[in-house]
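Attaching a single structure in structure tokens format; questions to follow.
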């Protein structure tokens, strides 16, 4: 490239006070390849830009260097101007002679010399610049939402309401997640099911939502705008098209005493069942592990009583492939297993609290089911051991949470509030009962949250004791809690009827395997990682994948809903254009020279490098080379620095451009 | 090579009787592999034209298996025959390759870099007490003075991880680690003196690129140092470009080279190239506890990182 | 020494003895700063009711560098080394080891501790090892009673145990006694040279 | 005596108490192991591990004493069998601490003027019975089932704690002692004070403390319906047995709870002559109870 | 000019942190020596050791590589890869005989204008005191092996090879 224009800005006096701009222009005219150089008071002003455009046209310039402020300030301005003059915007570069020169040096001669050097470097760079065309990626305007809890439901409804199709995948037989299990919600104490179930119905009735329950993600291919998802629909043993949801099968099933997981094993269900009466879809599923027909073939009652003939023992798992452009991950949480030896050997349990051994030591979610009007006791709070009403209930916060020793050092965020709520629910139902709470700190930031906690103490008379519990043991019918009140400095012992442990929130089992399928990153606890903790809190680093709810970290319902809507908004932003346009600063592989060592793939944080097979006309595999997916590449260039033969190059920052700058030293 | 000094030194002879055993075992294994069509070709060594010498050979016929030998003259690292040396060999189908411990480390590295898959190759590992140094007359016994420098400090006499290990290891004499000693001496010098040392070494370089030709890891289709636009390194055999070439090569081999020292063996100007590679290997071991080629690994030390890596050198 | 338990703490960089915190951390091998005062140690401590400061407060006082308050109290001498606190601490603070460290610091300072009986018993026990290699409970108890001035303590127990063959009146010397003495001497030597804490 | 006849062979560290106040533990352990054909060879001239007093005020001394004992034990073949829970805890702690802390290891090496040896597995007698010998074999060796005995198994503090060190069993809810006791056909009771501290460290200096703590333990065992206790530590035994009378006087409660060493009970069940089990040495005589259950 | 020798310093920086930090030094009007020439990269992960070699050969007296603090990389891990790459490269240069005082590395965030000024000022002063780097440039003037080894100790080692 031999016709470069150099435009030197005075920036009022910001540059010209220290840098002799005329001298720089003079020097620029002598530089190889420079066809034109001038200086002007305000290059970024309208007249300045006009001057630039005019010069491009009149001087038939093939590249320009604007020596002015930082490119972080005005690169876009001048590249737009260049484009306006009919030049590819990537043939315009800025020489930073303000922030990096005139403002930081006071000696005029030195500053002028440096400014000249900077201009020379950029001129050499522009001579090696190439036209770059913004990358466009077609966008399939359908979204996948993984997880049918409140997060997934909210995201799915928001996207669907915007007119885009949504594929919602839920692992359990019904959507609803944990929120459907809750009794009342803080800080307003409105009934969880009353606000949740209508939304569940909205999902199933929404024309834009395709619901796959009792299904899991098998594999994920593709990239932003173009994902291909294989979903495994587990065999329900009931034909969803035929089933009317009459429930006769469940009534007649002779297996009636299977512990109901939804009720935290406090109640029972048959082998053909819906997890709870308001389940969506209202289609039963056969639990093949417990069904007599599947165990020894000697039953088949449900098939006989089913009017529409929906029961199908032969049904197989089925694979379905869906094409989507964006993914919202909303897989939620599980509660930390407090027994002696919880699943997953890395984390130790709490033998000292006797959970699993003492029947009247339960976790928070079990208490929710006890307190829920639709729960196994119809909302009556009783002891699991003998069904008696507990008169003294002890709540223990931070069980598992903030316990480095147990491998979890984070705060689970919702326990302070739900424990306060529990004490209130208890007091409302057992007027002569007394609630005690052992806590370390009360963490109640949130609208009306601290007031709620104070109400539990001041109006509902819960006794809060600051201090952790050391041990819980059975003594006759009672459960003795050994704690201490660190404010008073003495030990506290309470003979309780019921002990409720506020256990830590953890990501769902298998969160890591799903992350690996999706190619997204997760922290050491297996919570999914957002792209930026402050500025990109709902996006994954992998483009086109967004996060909602507790799969990213412990969250309460309002936060979860807010994030879900935010994720939906991000999806809609992506879907607002037919094609995704990206800055063309991406890496490109020279397939002729690539030998397929895949060092580039190993260092790519975005999973943008793929293995591409090169075949001859007969289809025989000749070799495998790297391929950078421009839709995924973020343009850091680590691949190029790693590639021994430089068979991958980052457009806009090629070796040739860099070397050209270094040649001027 | 100073021959008189070789003779006057009280020589320690290394027992190479195990090589006879190895030869027999290689032959029968090669024959079996070819007869049973487990592999389509075997890469090994055969006797050269001068008695006692050995050269690489590729055999495809079970009857040719009798040609195969193993001796102290089997210096070549045959791993390059699986990648770049003769591309038509790979086209023959599945291969078996004879590998010493040091060669096996190169094979492991190449697998880690996707150059071939473990299941594509049958590795006949040879228990090796050492091979001749460059310039040794064929047929000479293996002694303190004829053994290659790398073998003096070998830690992989037995190629663990091969499909079959042949030969047996004799009791080994304690040989002085000359390369380590040299490295220590250089380390103790000032940077300026080290520069002087390497400058004089590298300025001799005639850029014949034999080092690159023979290196298992220099398998790039186009070498960065041959590129003209932009020119990373001056391609003419002059001091400046030579320095650049050897620095770039050492950097590209860091974390990959497992010390077969073929570069040094073939260098017509006797530049101690393996010293450089070895130094880098030691640094990587020190910094990241990484040793190249002990087993195929998905990511090498320079294609991976640990958030807790040392950064004491960064302000 | 005046009772400082309830006097006002005046905190400044001078009054917070950081060196003390470090010393405790080095000796015990456990972090002190990690404690966030959940109080679980105090909740489970079998000896709490005998202590003046509950265990969690001991850690708190160390965090604030209040070495006088820690060492002046009797808490450290009432710790039974049962390890319940260390076992259940959510933060991996090894309070049992910290207590050992505090006792060592108090011991080295010839203890401002009021609980001289415990100190005395420990001293006698260790002297017994040095002198005989093994413990001889009869001797230990007798000397303890003499030294502590409680001549009549456990008066009835002694003869009963003797008759049950549970206390030996006579004991043989251990063959490794010289070796044991050397260990004591070497440790003393190391401490003199500053090679050991 | 030829050692080869034995199915298992151990070096043996009895600890000071077993030669004095806990001699019935030593006697019964030897008797039981002989009956089970498990060899025990005492480490010659072992000396005191330093117990709690040493580590209480002088960690280095404590570690050095244990390290030296471990060195002595190295000279005898077989894993090291330890009877006393306190000695067991000290020896295991020493191995653990010196294994992970190089500074301390160097100091100890200087103090004992020799290399620290950490490779010898240190095992409590319980571990040997439950794991090495095995519950199945144990069950097979029972000749006189202890049917009818209701036993409270008392672990004390140091058998399982701190986490990661003894690794004998689960820290908070161990079962090893119950499983061993139950092989005899006796019944174990569920009770709350299995692992509460008896205050052993204060036996000499603060007997008042001991009376309180030990009293709580006895009360809890009685509440659970046990008619005797079983322990695996001479220090626990000392407090529960020797001080029982005193506790009864102070609290006004009647306990009459014999406190057995686990080896006494097992040996009895395995048919070892009861006169050799040191029942006579126990302050609370077990004879009335054993006779009541037709076991004597 | 007050100094006999003005060193040429080249700074390879990432655009998100250090380049922005240098901009901040500008907007804050902090003064520092004018010896530095900045080459901008998207990420330190893009910086190839070959560039350092080239810059030395082209007459740089000192080189600075600077990027985002660990954990702050705009591209998640580019600076981690760079950290390893340069940890190894500087060891190589040291063994070859380059004085590592001439090659520096730093983390300078977009908020650390002051740190940028400090690093450039110190480096300029240090290298000014060291004098020009002639090792690489001298090589360019040489045609072949000189064969002259002045130092006897070196000669001994050289002959050993």
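A, B, C, D and E are the chain letters, set down in written order, and residue numbers restart from 1 in every chain.
Here is the rule we use: a contact is a pair of C-beta atoms (placed from the backbone, for glycine too) under 8 Å apart; a residue touches a chain by one contact, two chains touch by 3 or more.
In this text, all values refer to a predicted model and were calculated from it rather than measured experimentally.
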Minimal step count in the chain contact network, chain A to chain B:
1
Taking each chain's centre as the mean of its C-alpha atoms, give the chain farthest from chain D.
E
Go ahead and note the Å separation of the Cα centroids belonging to chain C and chain E.
57
Return the distance between the CA-based centres of chain C and chain D, expressed in whole Å.
23
Express in whole angstrom the distance between the two chain centres, defined as the mean CA positions of chain B and chain C.
62
What's the distance between the Cα centroids of chain A and chain E, rounded to whole Å?
39
Considering chain D alone, which of its residues make contact with at least two other chains?
163, 171-172
Residue numbers in chain B touching two or more further chains are 224, 232, 302-304
Scan chain E for residues touching two or more other chains and write them down.
50, 54, 77, 81, 85
Identify every two-chain combination in which the chains touch.
A-B, A-C, A-D, A-E, B-E, C-D
With touch defined as at the start, can you tell me which chain E residues reach chain B in the complex?
49-50, 53-54, 57, 70-71, 77, 80-81, 83-100, 104-107, 119, 135-136, 139-140, 142-147, 149-151, 153-154, 157-158, 160-161
Going by the contact rule set out above, which residues of chain C touch chain D in the complex?
27, 29, 46-47, 49-50, 78, 80-84, 86-88, 94, 96, 99-101, 103-104, 107, 115, 117-122, 125-126, 128-129, 133-138, 140-141, 144, 148, 153-154, 157, 160-161, 164-168, 174-177, 179-180, 182-184, 186-187, 190, 195-197
Enumerate the contact residues on chain D facing chain C in the complex.
16-17, 19-21, 23, 44-45, 47-48, 50-61, 64-65, 68, 72, 97, 101, 104, 107, 110-113, 157-158, 161-163, 171-172, 196-197, 199-202, 204-207, 209, 212-213, 242, 280-283
Within their complex, state which residues of chain A touch chain E.
70-72, 96, 98-101, 103-107, 110-111, 113-114, 117-118, 121, 521, 541, 585, 603, 605-606, 634-638, 640-642, 650, 653, 655, 658-659, 661-663, 665
Listed in rising order, the residues of chain B that touch chain A in the complex are 113-115, 219-224, 227, 229-232, 252, 298-300, 302-304
